Structure formats: structure tokens, C-alpha cells
């Protein structure tokens, strides 16, 4: 199934897919199917596999590839991006080629920890681009909170100017709003390409980022339909309605962005919503206490109440 | 003016006070007055001075003391806690005594960066408590995101058991909800004191923390009246109303918790609300772009609209 | 070839083996052979494969296993320890079993980055030991400079008391001399096992560590014969002669422990000594400038001059 | 006493002075005198006060100034550099002016932790230089191991080109040899000033650094006479003799560079040599065990034996 390669026009919601495991810790390919269907049912525009929140670092190379193949085979033509960050460039190259052969539309690369200085970042990506060749579209994952590598805007611009295969910025620096604006301002320079920017950080600043020129989201919030609806309302020019909707989910967005415990919460919700058969993470992972689960019950009840209120208001307004 | 010493029964909102500067960067004592009055007008129950968000590290010793004296003199009997964290124990001791002589009710101490192992933390605080003596009440500031020092619950419990002057936990570990619950569960053990827990992190998880047994908040959100009202609703057993109110402010809470830029946003709001004469931070500090300010305009307009809606609904419900 | 399992009596020099690559970046198995022979010629007592300085993180799983098999097949019965640290416990388990099936004598595990508090460390290793079962001997690699996880002595002692399969400490905390002494003092307690302690950190504190009770070295200095001779002199009770010999090499020891560039220096020397066909590291790696190489020439000339002086002195003393 | 301002021609050994305390933890000004005399007796060319190893962060502002005044008053016209790094620029400015008024020849500034990107570093120093004005000579302390801020050579060059008051690099990046060479190579460009480079890191790479173009050392090794003699031998073109002498001290150099415990070792030696009345550090500090002291006895005995051997050899050669 040809979905085309990722390019600068990419937009919408590329969901950071969770990786489902059985209670015993094996990759659960049937849950990969149901989860893929669930995401499709939420209207996502694409998938991003093997990201940091996909527990990719706990998979074997074979398992990684089996997940990639399984999702691509079931994604109904949606584009699939595969995370290929690795300590060795040769592994980045190999994983990228395997992903592209499997039908991926592009790959995502975070900077190697320990890069030093602006030149260090530029040179690392120059090496990556040379290793991958010009035909594999690349997403720059800008997540310094984990990598420890800060990306100055002018370094990103040099990379965009010099390497056509760099087509997207996954924006999740913090603070990052001014940075996003600076990238968009810089693109007004004659001759510079406008790249796609999808935002991460669990969506915590999604409406502000859309107002500043983001093209959508690349994150894994457990209610992907919100991410999609907010995107679509923005696409229709209804920024205020988009933000109204977002705000209803915000209590759960900020709950899910908690470090360490966030993935346990996300998988618990996906489990409750029937998308996966077990909320289990592969060891070592986090898990929820009874109190955590009761708290989540209450927060979901509040969400549903507010969604119902909104529905009534909308009906009344008709 | 005797306000009594801080003890385990402390509750409510101890506002993390900003430190106002003139546009030229001098400490602005007149703005200290107006800001103190502003906080009092919001109904705060106490003050915490010279915290991390108070730019304490940029003040001279003399300036610090002048701010402490000024606030205590104007605080209408509210308790004042003073941050005294310092690389040298002798400085911790000296600042603490100066603060107590000035009329403070207690001091707040964060662990020195670089402490190693459970014993390292215990021993550091044992040294601090010995240096301060039994008569100065102490708040443990648990903020590992900045200090790099993780506080295990059992270490905190040993400190509580061994040192009567430890009366409060400023809770801002992340993730921290399960930790808060664990502290409260541990206090059910016969013979252990129940200490006061006030929460930080800009209030991002305030309702969840109150439901789990927090006694209030110690943070500096630029709309302190929300912190106070939420506390009071919880005190009356109206948890759902409290959280409804909180959720209206949540978009701005999460906006203000952004690293680096957060203090610029907080001071801008305090400035717009007339509490201080300049939003200036002492160098090196962060500042807002024109886009940041326009964005803030929009977010405040949304807040006011929703507060007005809530008012109408309340009136209609009468 | 049965070499027996690693146990608490292990002593001598377990060389941290470099991984040789061709100039094109492929694993060079013929150089694995010559390097293994070189190490054997230097008199090493054992091997440690896939350590941090073995560029293990840049190998594929298949490559790792091929290196392990190649060395074990050629090691003339010397024990081989395999580094199996990995972000996922399932991978630790799998790599360990593969290594043991291939004929390894034990595995080495560093703590996962991000472990928190004494309990966090204990629980992680308890999980590891449970996953591996009682039959795989384990080395605790204590290298907080890279892992960020400080190991308190009492936590190590609890692990030794509770898990028989923990037979060795690879000691490379810094500062670490007092810690080594504390472990040895603690072992005098009735009922506690005395474990093997081999030291790392490039051997920078080797004589002091031997005097404090270390059983040898586990490091990869490019003149392994020095590590072996120092060990043997200590074994014969000739501590001063051992340290005299060590001091002759110390300028190069401290040159090779430089971060980042150290591995390039080590491989350059192994290359010059004919142990490997290329000093190449897999990308991204460090490399030497012309000045670096000239400097190394000079330092090696100084080493050889001093070794010759020592030889003359020894002859004169006969 | 006018000693002139620091400039690009500075060379020799600027000793990082320890700060002596009484056993009770008070600044011991009489020991400041004897320590200053001791350093002068060793032949140092200058002093650097209030560095990281001078426990400056544990002093009050008044204490700092009293130490500065005391040393300057007794330094027999040697230049004195004062460390003025501080979280607030206003404090950097104030401390610098106080130091210069007291008679210092220049100040040393490390980058504020958390600076991001090449521009972030440039802009920070641009702010510092503007705050200090053109008349205060500045040393850039390049110690990323502690500050976390990596200085690219091209950023340093831009600062040298743009700010005349930047006259010295305190070089202690690691690895740093190639960097030092790169700075010296860059200075061959027409129009660029050659600045003074003094090396730190406890002197661990001192001979290599001198061969690559350093002008001397700025560190606090407890046998400063070695630092001075090595400098002077290099100045006379006797590089091999210089390195021979250095190598005799190298076991103790590398012993003293141990993190955390290093300062305790340094002060113990200064105490034993009669330079200070107590080896006490201000709390929280490190201290030596009985085993540490016995070990030090042995190492010093070895040093003295080798110095005596060298003396005999020199005599025999006459």
C-alpha cells in the first residue's frame, strides 16, 4: 500500500502509538491491531511508531520491525513515521532502511545525547543525512528535556537549507512557544522552505502552538479524538471553539504529562476504552496504585460530565 | 507583631512572593508594599519569601533582609516563611536567625545539590537542624526537578520522627501524587506526627493534591484568589466546585508553569493587575515578545469570559 | 570449553576488550582474533566484553553475539564476562541467557539511569536477579559518573546478603577509595560474603585500590601487561615495586582516561602495537588530530625510555 | 600597592588559593597570611581568590572581601584575580568593582549554568562585559564539568574579537588538549589577539598543555613549587626536564583531582606543610578517614624518596 513519502505539507494528527504488551510482557500483536483500529476510529491522520513513549528502547530489533509491519499493514493508507534514534549511526541507517522497505513514509531522529555546541548538532545531523541518503524523509525530534541537546533556531534553519530530506520539526522544547514563532518567522526569508511542524509534550500547549503556526500534533494523548477535533476546528478557522474543546480535556492532558507515571495513565485509559488488552508496560515500567485508579475514575467522570454539558449547550444553540 | 511560629497545623495559601524591581533593576520596596497588599487582598493566609521564583539568588544579603523586613512589617499578622537554602551551612544558620529575629515564622530549606544516597539526605538535614537548633520551624522543600535530590518517603519519615522542628513538607516532586498519599498513609503509624503539606509546582495538580490530603498551596500563581478560593471550597467539603473553579484557571496555570518564561508571565500579570510597577526581572532574566503579550491578552480574555459565564450560571441557579 | 562460572574468588585482570572495526565501520572479526591473542599475550586472566568502552551500544544484537562467540572460542579457557545492561529487563534477560549459552562465565549489569532512592536501586537489582535466576553470576558495575546512580554501601551489602548470584563489584565510583574500604570493612561482619572487587576508571587509582583490598582490575588500558604485572607484584606482596611500575605508566594512564578522546587514544595504541587492523571507531566516534598523534609519539617515547631505565637499574642491581 | 591590570601577557602560576578556616569554621585570617606567605615562598606569580576550590560559595559577602583585602595586602605586588561568578549580573558587577577597588588585577567569570546554544553564551558574556565596562580585565573560566556549559572555540573567538577586556582563558574543559591547540591556531588569523591561557583541572595535563601553548597554570595543587618549577623549565625550553619533574608529582596530582575528597586532601597537605592552622572545610565539606591519612603518608613518603633520588642523580651528573 503506497502512502507516499512524508513531506513539508504534512499536517493533522500523527499519533504517537503505544506499544501493547500482554500481562506477561510479550508484544501483543492482536492489541496492535485493535489499537491501530482505535486510532483510526479517532480520525488520526498518521502514526508515529517506536517513539520514546512507545517503549521502543525495551524492544528487540525483531520486535520493533514486527510492530512496524503490523501497523503499516493495518493503517488504511495513513502515513507511518518510525522513530530510529540510536547511539550508533549504522543502526540509525539500518533501522531507517528496514522501516522504509516495510512501507514507512519517513523516520524520526532525535539528537544523540552529549552533542556539544551548535556545530556539534549540525555535524551530527549532516552525518545522519549522509548515512540515510536523500530519499528518506526525516523528522527532527526536538525534545531537549530528555536528550539534553538544545536546538538553536539558526542551526535548524541551516539544516533545512542544506538538506532537502529534512521535512518536519517535532516541536517539544520547553519553553517552546517563542521558538516555534521564530521558526515560522525565519521561513519568510526568500528561498527558505516552510517545513511541517507537529507538536508534542503531550499536547499541553496545543492551542497556543496551533495559533502560532503549528500544522498539528504528534503526541499520544489517550483521547486522540480531541487532538483530531481541535486540529479540524483550527483548520476551519474556529480557533476559539477549538480551544474551548481543548480546555475541557486539559485536566486530563496535564494529568497524563506527568513524568514516569504518565505512560501508565495513558495505557490505563487505552485499556479502559478497549483499545488494548492489558495496560501492562514492559519492565521496568510504572504502574498505578488503587488510589491512582480511583482518582482517574473521578477525573474521567468529570470529563464526561463536561462533554455532556457541551453537547447540551450545542443542542440548545441549534 | 507576633504571628506565632509555624507548626504542623499550618494550612491555606502561603503565597510565593515575587520580588519587584524597578526598570533599572533595583529592588522596588514600594512595589513590595503594593504587592503585599495585593496578596492580602486576595486573601492569602501567609507568605513565603526568597523562594526560587523570588529571584532570591540575585539579591545581596542586605537586599534580602530588607525585603523580609518590609513584607513582615506589612503582612497584617500573616505568617511569613523565608527561604534560606544556601551552599554553606553557616549561611543557612545566619540567614535563618536573621529571618527569625525579623519576625519570620519559619524557614524553608531545599537539599544541597549533590547529596548522595538516603543517608546523604538524612545527614544533611540532621546537620541543618543541629545548626539551627530546636526553636526554628523548618519546611522541607522537595523539588528534585531543580535540586536533583530525590527524597524517599522513608527518609522524610525518619526526619519527622527525629526532629520536632520539621513541621512542613513543601511538596513539588513530579510525579508526586502517589508520594503525597504515601506520606499521609505513613502518618497513621502510631507515634508519628502529621505534618503540614503545602503544594507547589505552580499549582498544576492542586485539586488532586487537596483530595489526597494536602493542606493548601505554597506557590505564586498570578491569580492568588483562585488558590485561596479553591482552598476554601475544599475546606467546606465542596471538592467538585473547587475543581470546577480551578479548571477555569487551568489554561493559565499551565501557561505560567513553563520553565524560564514562566516568571516573566507571572510578573507581567502582576504588573497588569497593578500589583507591581514593573514586570522587570533582574538580569539575567527572561522577557516577553510582542507575540507572547498578544497571546497572553487572548488567554486572559478567555479567562474573563469563562469567569463571567460562571457568574451568570451561579446567579441563574440562585 | 568449560571455564567455570564467575565467583567471589575471581582475581587478576579482566580486560575490557575493545571492539575492532574495519575502516568502513564493519565489525572486524579477524581483528577480534588478533586482539584476543594480544590480550592473552599480555597475560590477562579474563575478558569483559560489550562494556561501555567496547562500543557495545553501537552494535546490533547479532553483531554483539558474534563478538562474544568469537572471543570465547579463542580465549584459551579464560573467563569471559559479558556486559548486558539494557533499558528493558527482558533484553537484559535475553542477552544474559545468550551469553551464558555461548560459554560466558557471568554478566555485568549497570543500574538503569533514573533509579531513585536506595529502595529504587535495591528493587531494580532484585528484579534483575529474579529475571536471570540464581544460576547466572552477576557483576554490579558501579559507575555513577555515567549512569547517574549512586550506590550506597549499605544497599550493596543488602544485595550481597540477599542474592547469592551477586559475586563481584566493578568498582569505579569517584571518589571511590573510601567506599572500597567501607565495603571491605563491612565484609568482616559475621555471615556476610566477601565478594570480588575489580577496579575500573582506566586504572587511575589502581595501586591505592589494590592496597585497600581490590582483587585486580577490570579496565582496558592499552598496555595490559602493566595491569597484569602490577597485579602479580601485589600478589607477591611487593606493593612498592608494583606502584613503581605503575607510576612509569601513569602519564599514559591519565592520558587515556580523558573523556571522549580516551577511546581514540586506546585504539590508536592497540593499532600501533599490531593488535587491531584499524583504530577506527564506529560513528559517531572520536578521532585524533595530527597534533594528538605527535603528542602520543612523544609520550610513548618517554614511556619506553623510562622502561629501559628501569631495566638497566634492575640489571645493575642483580 | 599597584600591581597593574591583568593583560594578555600574563604567564606563570596563578595559584588557586584555598580559604583557611578555624576548627570552628570561622575564616582564619592569620592562616590567610601564612598561606599567602607559603605560596609566595613557592614562587607563585599571582593569586586567584574565591574560585570553586576556595569555598567561595560558603562565604558571606563581607568575608569574601576581607579575604581579598588580606591577600592583596600581603601579596608583595603579585597580581590577584578574584572569582566573581554569581547567579545575578548585578552581583557580578558589584563584586567586580569591590575587588578592583581593593586592588585586584582582574576578575574571573564562569558562564551561568543553563545557558543555551552558542548565542546564549555569547550574549551572556556580552551582558557581563557591558555591566563591568571596558576597564576591568576578565578571565573566562571554561569548566563545563561543573557549569554544564560547553564553550565552542568560535564563540570564544567572537568574544575575544569583540571585547578587549577579555584577556585570559582559564582552560579546564575535558577533553581539552585539542581545544587549546585550536584556540592557538585560530590566533594566527590576522587581527586576532593572542590571549593568555592558564590551565586548571588540578594540573593533570599540565606538560601536554604547556607544549601546546599554554602560558602557565591556574590551579591549587598543594605543592605549588612543582607548578612553578615546571613553568620555569618550560620557559627555559627544557620541556623534557619539566615533564620529568611533573611525572614525579603526578601520583599526587591525580590523587588530589579526585572529586569531593580532593579539597580535603589539598588542605591536609597545606596543613601538614604548616601553611594553614587547620585543614577544616566549612560545612558541608569532605573530610579524611584514618585510612585516607595513612594512605597519604605513604604517598608523600614515595614522593620524597623520588625527589631525593632525582637530587642524587642530579648531583651525580654534575
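By written order: A, B, C and D. Residues from 1 in each chain.
We adopt the following convention: a contact is a pair of C-beta atoms (placed from the backbone, for glycine too) under 8 Å apart; a residue touches a chain by one contact, two chains touch by 3 or more.
Since the structure is predicted, the reported quantities are computational estimates derived from the model, not experimental observations.
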Enter the minimum step count from subunit A to subunit D; a value of 1 means the two chains touch. 1
Which chains make contact with subunit A and with subunit C at once? B, D
Copies subunit B and subunit D - rotation angle from C-alpha fit, nearest 5 degrees: 180
Among all chains, whose Cα centre is located farthest from the one for subunit B? C
Rounded Å distance between subunit B and subunit D, as computed from the means of their C-alpha atoms: 40
Expressed in whole Å, how far the mean CA point of subunit B lies from that of subunit C is 48
Per the centroid of Cα atoms for each chain, what is the distance between subunit A and subunit B, given in Å? 34
So which stretches of subunit D touch two or more other chains? none
Contact footprint of subunit C on subunit D as seen in their complex: 174-175, 177-178, 181, 204-205, 208, 211-212, 240, 243, 247, 250-251, 254-255, 258-262, 289, 291-292, 295, 298-299, 302
So in the complex, which bits of subunit B are touching subunit C? 116-120, 150-152, 154-155
Seen from subunit D, its contact residues with subunit B in the complex are 25, 55, 57-61, 87-91, 94, 112, 124, 127, 131, 282-284
